[in-house]
Amino acid sequence: MNRVINDPDQVVEDMLKGLLRAHPELEATIGNPRVIKHRDAPQAGKVGIVTGGGSGHEPAFLGYVGANLVDAVAVGEIFSSPTAKSFFDAIKAADGGAGVACLYGNYAGDNMNVKMALKMAERAGIRVMTVVANDDVASAPKGDEARRRGVAGEILMWKTAAACAAQGGTLEQVIDVAQRTIAQTRSIGIGLSSCTIPAVGKANFHIEDGSMEVGIGHHGEPGISVSAITPAATMARTMVEAIVGDLPFGRGDRVAVLISGLGATPLMEQYILYGSVAELLADAGIEVVVPLVGNFFTSLEMMGVTLSVLKLDDELESAMRYPCVAIGLTVSKEPL
Amino acid sequence: MNRVINDPDQVVEDMLKGLLRAHPELEATIGNPRVIKHRDAPQAGKVGIVTGGGSGHEPAFLGYVGANLVDAVAVGEIFSSPTAKSFFDAIKAADGGAGVACLYGNYAGDNMNVKMALKMAERAGIRVMTVVANDDVASAPKGDEARRRGVAGEILMWKTAAACAAQGGTLEQVIDVAQRTIAQTRSIGIGLSSCTIPAVGKANFHIEDGSMEVGIGHHGEPGISVSAITPAATMARTMVEAIVGDLPFGRGDRVAVLISGLGATPLMEQYILYGSVAELLADAGIEVVVPLVGNFFTSLEMMGVTLSVLKLDDELESAMRYPCVAIGLTVSKEPL
Amino acid sequence: MKTEIELGSAGAVVLDLIATINENRAYLSEIDGAIGDGDHGINMSKGFSQCRDALLAQPTLPGLAESFDALAMTLLDGIGGSMGPLYGSVFMGFAETLAGHQRLDAQLFGQALAQAVADVQSVGNAQVGDKTLMDTLIPARDAYLAALSQGEDFHTALGGMVAAAEAGWQSTKALQARIGRAARLGERSIGVLDAGATSCFLLLRTLGSSLQSRLV
Amino acid sequence: MKTEIELGSAGAVVLDLIATINENRAYLSEIDGAIGDGDHGINMSKGFSQCRDALLAQPTLPGLAESFDALAMTLLDGIGGSMGPLYGSVFMGFAETLAGHQRLDAQLFGQALAQAVADVQSVGNAQVGDKTLMDTLIPARDAYLAALSQGEDFHTALGGMVAAAEAGWQSTKALQARIGRAARLGERSIGVLDAGATSCFLLLRTLGSSLQSRLV
């Protein structure tokens, strides 16, 4: 595996060094280099938006720190939860006195570290509320939603909650928007090849040539089924069916669709998939009003894609369209 | 090679279908589905900006059609020049009466097809001027610049020229900006793995595990040397030295730096490389005032990176900062 | 009869715990390799070593409560994943219970142990039988408290704790993992020891003997 | 003596050219595979077949000038890469020279051929010896014009053109490619025929015989 790295044990440090050089609007917190905050955070009176997770998913998580987006992020080792202290330091960095919304994904390590961070925050007198994303329909059956993992739908939750916070929402309102967003989001992934953690040096798991893993997780967690690879249109059908039936989505719904490449799958193929997804949704009477296609949430150099669909209401739709600037997502103010 | 495609011979068509569904601001021209234009093009009195090239480099070329960026683009088969007719149709689609700047890369096929398109445009009474990008220092020795290929530096040329056009520049002024931009840009790539054209089905070329190809082209064109893979910091040194010595860049220069992943190299690694590049440039007294890191110009699922450096003057710097919105590059209007 | 420990001078107990983890670094990773991702020794040793550096950098070694606190905080600060919060909770439970006390007696240690177990369980939500470190920790606590209620002295109760920890640790071999990384393997997780249960036994054994040796 | 061709009824010459390319699709790709990327037959046949469809869709077959123009435009419209503009230029050169004429005589064909060569050269910038289709085309033109200046008739001059095309084509075997994809291979490009030179010879041979058969 040919990589552009120095010491495989220092990839996160080296990445942060480059990131901070390239983005003067981002900075590490004093005392904790594993917390990246926006230059303007905390903003007095604004609810702080915090997230965090393992590295290797870039631009997630740190690429969503930005204006009208996430205020501070806790950065973990590759595919491993940030420390409790880092979550706490991110919370501190984002706290402008109006409380902090900590919006993260449903993984054992993240859950535990956030829990400990909340204890620390309580001791420090910072009001924190959390929403844990569980949008991945493939990770547990319907009825057992609390066990589902959070995947690319997290981005949608950060986007809407941050828009609410930027417009002066209270902590309760921000949490409500985040909660509603993730409750109305369903995601599923298809994996086409493995990835290699530089410090480990061998593939994290294995997918045969000619096979695909439907429902794969962001770290290669096993999916629902391994089967012979199908045309993109069939992949789209598999994914759309799994998602649409779960919420369920139906005729007349307006949705945001986010297709993310997992790392090595070209943008060309992501658009091929999007074409079929949009067609299937249209056939089901579901209108895509916010389409997002790109490498939004990756798994190192895995091949594959994830699909996330969010059922919008008016508030969520306008939150999705609210201007923001970050590495991973920029919504420009109109007119230019 | 596991792909998200339908018919391997239809990947470009299928991509365009998805792209157009996802981006209502883009449209195919009437009569030529291989020309993608901005909804608002042509703009009366504005110089039209046109480019084009083979597919497989997404978001290049079509991802740079956007507000205050490229007006229309000719879309070729994977790694193959668009037809002369497509270049001509793109020129027609971009012509708002003030002439068209056709800004493309120095490849035999593109050169010939553009030449033929110019004949057609002349017959149709459209004034067209061209700039052909030749920023890749590795593709021919100094002194033989006319033989050099155009790579990711093309993006910088589109950006500055389009900003000039958006601000009412004449065709001569736009061409001057594009010309100056590419004349002051140097690029070099390092390839770490090959890629597979879906319709061909086998790797385009070969790079050993543990090896890197310095100076590789965007289609796997052989570089200057194949050597054992080095740490990212050493790659950075190799690339910076090749670039800085060629123009040459020197103490006191202000530059834009664009690092692009070639497809499968994670953003994490691109930032690792950027950290070293920025440090080396700073050591040489060169200040990076516009840093861009991401998958801006890819080669399907190749692993590797390209580095482009543009020596700025005041006009080019403000052109780089001018707001624009496109799939590949959005510069937001400040303040949000 | 020896019934107490001077907390102010017992900080070295934590150094003993650290030494145990570092000595068993490779062993713990090897066990984790069978049904996990093979990094348990690395994870643990990373956090524990950081604490060792921090403690030794002090002009004088802090007391046991402060040393437990330092260990808890370094784990919460130094290792992400699950081990930071889980073992961080364990040692924070000890630290918080011991805080403000001069001496540690059998009663107070029982409170501390109970607190530690409650804290880690509230974070990790694992039960006996899930094939985790709780399979070591819960029986150890129960045995210790049972010994106390039967009137055993501190030394003997610690011995009972370690014996139960060992039995609990060994019980993980026959268990099917229901939590953590190994749970994915289903039945294939049966037949080998659990990594966290192993480190937990090693820590409790060292804790027991180190405390016993300091009884006055 | 037969000296002229009725242009209005000679559109089928272009159908002959198309048939030649389609018959040799596999052969041309095979030759390109040796030192190129193996798609020359595919590229050519794609564009030529499109033109066939377009011509046959017309109520009556257009004349030769219009048919050449249709071929040029379909190539420029239907195939990117290099073949579109190169062969597009060739046939546009013929079309433009013939446009407005009723009859094609030896003189006019000489002008058309010269124009075609000039156009393709202005686009591709290749010279004799670069191992491209110019190695077929330039000697063919020269031989044709030489024959005319020596007073040969149309039929004979066409024969001279084809013979020179064949010799030029064969000459590419010994050449080292200096242009196009094969140029990368340096000396390794020596020893095999050039794909474009091959298609160019096949086209000129068919053109020659097809015109000869239409002389009135």
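So that you can tell them apart, the chains are marked A, B, C and D in the order they are listed, and the count of residues begins at 1 in each.
Convention: a residue touches a chain if its C-beta (ideal position, glycine included) is under 8 Å from a C-beta of that chain, and two chains touch if they have at least 3 such contacts.
Nothing here was measured: the structure is a model prediction, and the numbers come from that model.
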Leftover contact groups, counting everything except chain A: B, D | C
Geometric centre distance via CA averages, chain D-chain A, whole Å: 57
Distance from the mean Cα position of chain D to that of chain B, given in whole angstrom: 34
Chain centre separation in whole Å, for chain B relative to chain A (CA means): 29
Overall pattern in which the protein chains touch one another (line/ring/star/complete/other): line
Chain pairs in mutual contact under the definition given at the outset: A-B, A-C, B-D
Chain B partner contacts - residues on chain D that touch it in the complex: 73, 76-82, 84-86, 88-89, 122-124, 179-180, 184
Chain C contact footprint on chain A (complex, rising order): 54, 76-77, 80-86, 108-109, 112-113, 115-116, 120, 221-222
Interface residues, chain A side, partner chain B - complex: 1-7, 11-12, 14-19, 21-23, 55-56, 58-59, 63, 67-68, 190, 192-193, 207, 209-212, 229, 231-233, 235, 263-276, 278-279, 288, 291, 293-295, 298, 300-301, 303-305, 323-325, 327, 330, 332-333, 336
